[in-house]
Amino acid sequence: MSIKVGIVGVSGYGGGEALRICASHPNFQVTYVAGESSAGQRLVDRMPGLPGRLADLVIQKWHPAALSGIDVLFASLPTGESKEGLAKVSPKVKIVDIGGDHRFAEGWTYGLADIWPEQMAGKTRIANPGCYPSATLTAIAPLAAAGMIDVSSIIIDAKSGVSGAGRGGGDSKFGYAEVNEDVVAYGLLKHAHVPEMTKAIAQLSGKSDVSLTFTPHLIPMTRGILSTIYCRGTATTEECLKAARKFYAGRPFVRVTAAPPHTKWATGSNLAFVSYAADPARKLIIALGAADNLGKGAAGQAVQNANLICGLPETAGIEGLALWP
Amino acid sequence: MSIKVGIVGVSGYGGGEALRICASHPNFQVTYVAGESSAGQRLVDRMPGLPGRLADLVIQKWHPAALSGIDVLFASLPTGESKEGLAKVSPKVKIVDIGGDHRFAEGWTYGLADIWPEQMAGKTRIANPGCYPSATLTAIAPLAAAGMIDVSSIIIDAKSGVSGAGRGGGDSKFGYAEVNEDVVAYGLLKHAHVPEMTKAIAQLSGKSDVSLTFTPHLIPMTRGILSTIYCRGTATTEECLKAARKFYAGRPFVRVTAAPPHTKWATGSNLAFVSYAADPARKLIIALGAADNLGKGAAGQAVQNANLICGLPETAGIEGLALWP
Amino acid sequence: MSIKVGIVGVSGYGGGEALRICASHPNFQVTYVAGESSAGQRLVDRMPGLPGRLADLVIQKWHPAALSGIDVLFASLPTGESKEGLAKVSPKVKIVDIGGDHRFAEGWTYGLADIWPEQMAGKTRIANPGCYPSATLTAIAPLAAAGMIDVSSIIIDAKSGVSGAGRGGGDSKFGYAEVNEDVVAYGLLKHAHVPEMTKAIAQLSGKSDVSLTFTPHLIPMTRGILSTIYCRGTATTEECLKAARKFYAGRPFVRVTAAPPHTKWATGSNLAFVSYAADPARKLIIALGAADNLGKGAAGQAVQNANLICGLPETAGIEGLALWP
Amino acid sequence: MSIKVGIVGVSGYGGGEALRICASHPNFQVTYVAGESSAGQRLVDRMPGLPGRLADLVIQKWHPAALSGIDVLFASLPTGESKEGLAKVSPKVKIVDIGGDHRFAEGWTYGLADIWPEQMAGKTRIANPGCYPSATLTAIAPLAAAGMIDVSSIIIDAKSGVSGAGRGGGDSKFGYAEVNEDVVAYGLLKHAHVPEMTKAIAQLSGKSDVSLTFTPHLIPMTRGILSTIYCRGTATTEECLKAARKFYAGRPFVRVTAAPPHTKWATGSNLAFVSYAADPARKLIIALGAADNLGKGAAGQAVQNANLICGLPETAGIEGLALWP
């Protein structure tokens, strides 16, 4: 089965990763790429290693009417910039929105693919989870679903590589000289991803009193996200690991490990790693989730969702191992 | 006043930083340096930029009887390796132990210099705080001392650069190719620094029910430590900042900032930065402490302590600004 | 066609990359993995993301007699450690030696796959080029083959990421804290790769007076190699680019670019990039070659060679785009 | 002696480093700071660790008439932006221009402080050398001055950290995600620093036929510059080292080392390291120069020059050792 794919925002980091994955996908054929600042350039001018056919694609000025013949559209635009355009896309075109505009929005399905794969079947509008929620929810889900944690007092301390901030630029605060040899917390008590995670945990736990504290940190690395999550609960470490192994039994992309996961284990892949350490005496459970923010946290999961809505094998095109070291 | 200084463990990272600082100190003259693997080499063979007199010093095999004429000894040895040797050092020699063997040990004063400077006066045996405790306690102290937090449920999520693990080597897990582009938590629920922090917070708060959860993380950077601390308390952000400004009024090395501090602000200096963000509705206070693990977290604070026990100006030799970028 | 593959040295960087590539290869099935320090462990304990069948492979103590049923063996051992063992391997097993022991050795074919693909056909003993020679020779070859440069005075200034030094460890000189924020030249006027490059250039140019100056540098990055090569010659930039485009016409893995290539363009792929800048007035030609030292410089080219000797499509399993950013 | 100092471009990397050094200088008192984008802010808002008096300085909009009372002005502005303004500064104010507008310009003295210190005496207009020329000329000078190399065919292959590009920003090509794990050559055969180096070498050698090939590379690190220089000459390694030791005898900031120098040896200091390796049989001499591009390559040498023109000890305020690791 050959499926025609379009990518909007192809010159950004998320869109670029979608292109990379689609280029090796056995069923996808990228026929339309669009961007803003890069419009008019050949694709090879942005990604110099592209092979023949892809190299010669010309980056279009993004326009929703230009999609005739496209089966699946990946949109990877800055927050606020996809709402209007995607609303005009023909209902015949399936959309996976990697950007943040449609998460838990009406008419859109929240694409937490490792956890709710069955919800994607037959859908045409998927809102891909954010990178922080992807790493975090994957670790929390088994515990929340089993009622093992008090969802009203969850503390999430997350560490992300710089590509999570998008290509943007214009700001020396993401410049090499300032990010290198530095760590900083940001957006304290007000990060945009909290509502998304709150809703997902409510859905997972069946509880309405979800309350999250979320502190993201910028770390001097390009890719990778680690979420260290502090929960109240009385389970032991082994019970948590067992719950997670059961929860993810048969799921192809989540690995439950006894040792704390390294983000590097996931680099360039669609994998997510979860682990747990508990101290029942203190009613404390630490959950850890690690992923590639551009893989599971963006384009990897987007392709996984596209596979699911297209009726393809869930793992098509995203079976590759992580890059190591 | 000229003070003769010895440094044991000079070829490690902590000892090397002590040498760097002492070399520019207006009152210190380094006359004895000792090491293990490096014994017999000239100091300049380990630190190629050293100027004349220092360059020609020969690294001795460390021996406690070799210290005649030394006024102050900095010891920076791996945990477990300083106890025996330092016990044999003449009581006339003042010691600041940068290593971990004497913290809260009998006969030793815990050298939390920014907080308890008056305790150093007249002492001759100072146990320098660890790097994690230095960054963490500096942030918690104002709140603990003012009774603003519940000390029985403190969560400390700390991020450290690789030099905190010491020069050691022998293990590819600290090798560039594996640390770069990676973040990982380690020592979950069992880190060595917990007792030290527990005792210090008990002393600060006057409470005996201190209970800490401490999760250290290894971050791909050389220097720097950031401690993100989650406490229960009802104060507002402004009240926390005000308490910290009052607590550190007149203290030369702690900066209270409204914005979350960057570790880079402290690189190469003896500074520590603290900040706070609170959500009284949730009874949550986030405290942040940032420092250079080799500066305030090791050699910087050690020199500050040496100044205090020698009756020198507290800031002598450690007034330098941070390196930026 | 299903081909049974063994990998010796699987827990090193080169062997690990061979495993990563083979795991996604449409024709290869990894059935034997061997190592030294890691023998006895399950493969998943070294590479935690591995899927089912691969995860459960047990790392064997490397022994040449253990290869019954293996069609192709990739060997990635430290220099000096493969000669004896590989000599005992049955002639029925095809070998690609990623290590340095058999380059231009009797009975072995030098596997410069992008340049001499036809030489691999029917061979069973391939000596894979080193990482520095791969990046360097790819850039020089078009000029040398066309007689456009004086091969008796070539200066090669090369920059390599740290993974090129192997996993080794034991030495803090490859530790993160010391490699980060540092650049250094090493092995001046005596690097092991010179004879290999000299022979290859002699063969390419048909000249016997090849003389190379080669200066490798260690750069603070994990993967990547850039070779900046200064040659004497009177061609223009455009003539050099044209010669390279012609030389590599139809070759799938070499890209000729007008702009100086970034090593990042090749990360995780089997691509090599070459470019040129010439100043005929000074009789100077600068050739640039960029690649991933573990891809084209090791395991990528090894798989390309294995494809060639097995009669598979040359690009099987190594078509993946580079990781970006 | 107390000298009043102004810094223009204080919020850039070069100006910030000048501030850092001046803040610890025994004779300098910074009383005027100016910037462009940062004008109106308190200095502490840009450099959060500053102590009291400096913290409260307000960054002025740069204007040449505002300098009454200033004895020495450090200017660190982008190329092209200092010419007009500095021309209007009162002749009573001594100027060290860290920027590139006045090198070998009429009325200005080229401030190659380690080599021509005597030329600074009594001068009031010093053009500080660029970062690439500083590292390069320091290594070449002893050979050029002794007639040991053919100055008509010098190849300079230089590697610089990212701070050398200035704070600028606006361009994702200096963003962390794109610089990290990447090396690239740039400005081939046309770099701005060539005329400056050509003139200096002509002056050093007394020859008029100087011809340089200069290839700068961008390396994933913040600070540091290494220049690997290929010259024609028949001297031995030992003769080169001896010539350099003699040339720099008594000079406080240049270290001649037998081993290839690491840029890290110089980080945060005003040191420069030079080394040599020669192959007389091929008439080849490799000279190596390493420095901190913001230290010896900018603000460190600027303060050295200011010391010289003010009649202070040459080393005042810049004796600090390098940061390690």
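As written, the chains take the letters A, B, C and D, and residue 1 is the first residue of each chain.
The definition used in the following text is that a residue touches a chain if its C-beta (ideal position, glycine included) is under 8 Å from a C-beta of that chain, and two chains touch if they have at least 3 such contacts.
None of these values were measured; they are calculated from a predicted model.
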If you take the chains that touch chain A and keep only those that also touch chain B, what is left? C, D
Chain separated most widely from chain B, comparing mean CA positions: C
Round to the nearest whole Å and give the separation of the Cα centres of chain A and chain D. 45
Distance between the centres, which are taken as Cα means, of chain D and chain B, whole angstrom: 33
Shared-interface residues of chain B (touching two or more other chains) are 13, 161, 163, 177, 180-181, 220-223, 261-262, 267, 325
What residues of chain B sit close enough to touch chain D in their complex? 13, 16-17, 19-20, 23-24, 47-51, 163, 180-181, 222-223, 252, 255, 257, 259, 261-262, 265-269, 271, 273, 319-325
Contact set on chain D toward chain C in their complex: 155, 157, 159, 161, 177-178, 180-186, 188-189, 211, 213, 215, 217, 219-224, 226, 228, 230, 260-264, 267, 277, 279, 282, 284, 286, 288, 290, 325
Considering only the defined contacts, which chain A positions touch chain D in the complex? 13, 161-163, 167-172, 174-177, 179-181, 220-222
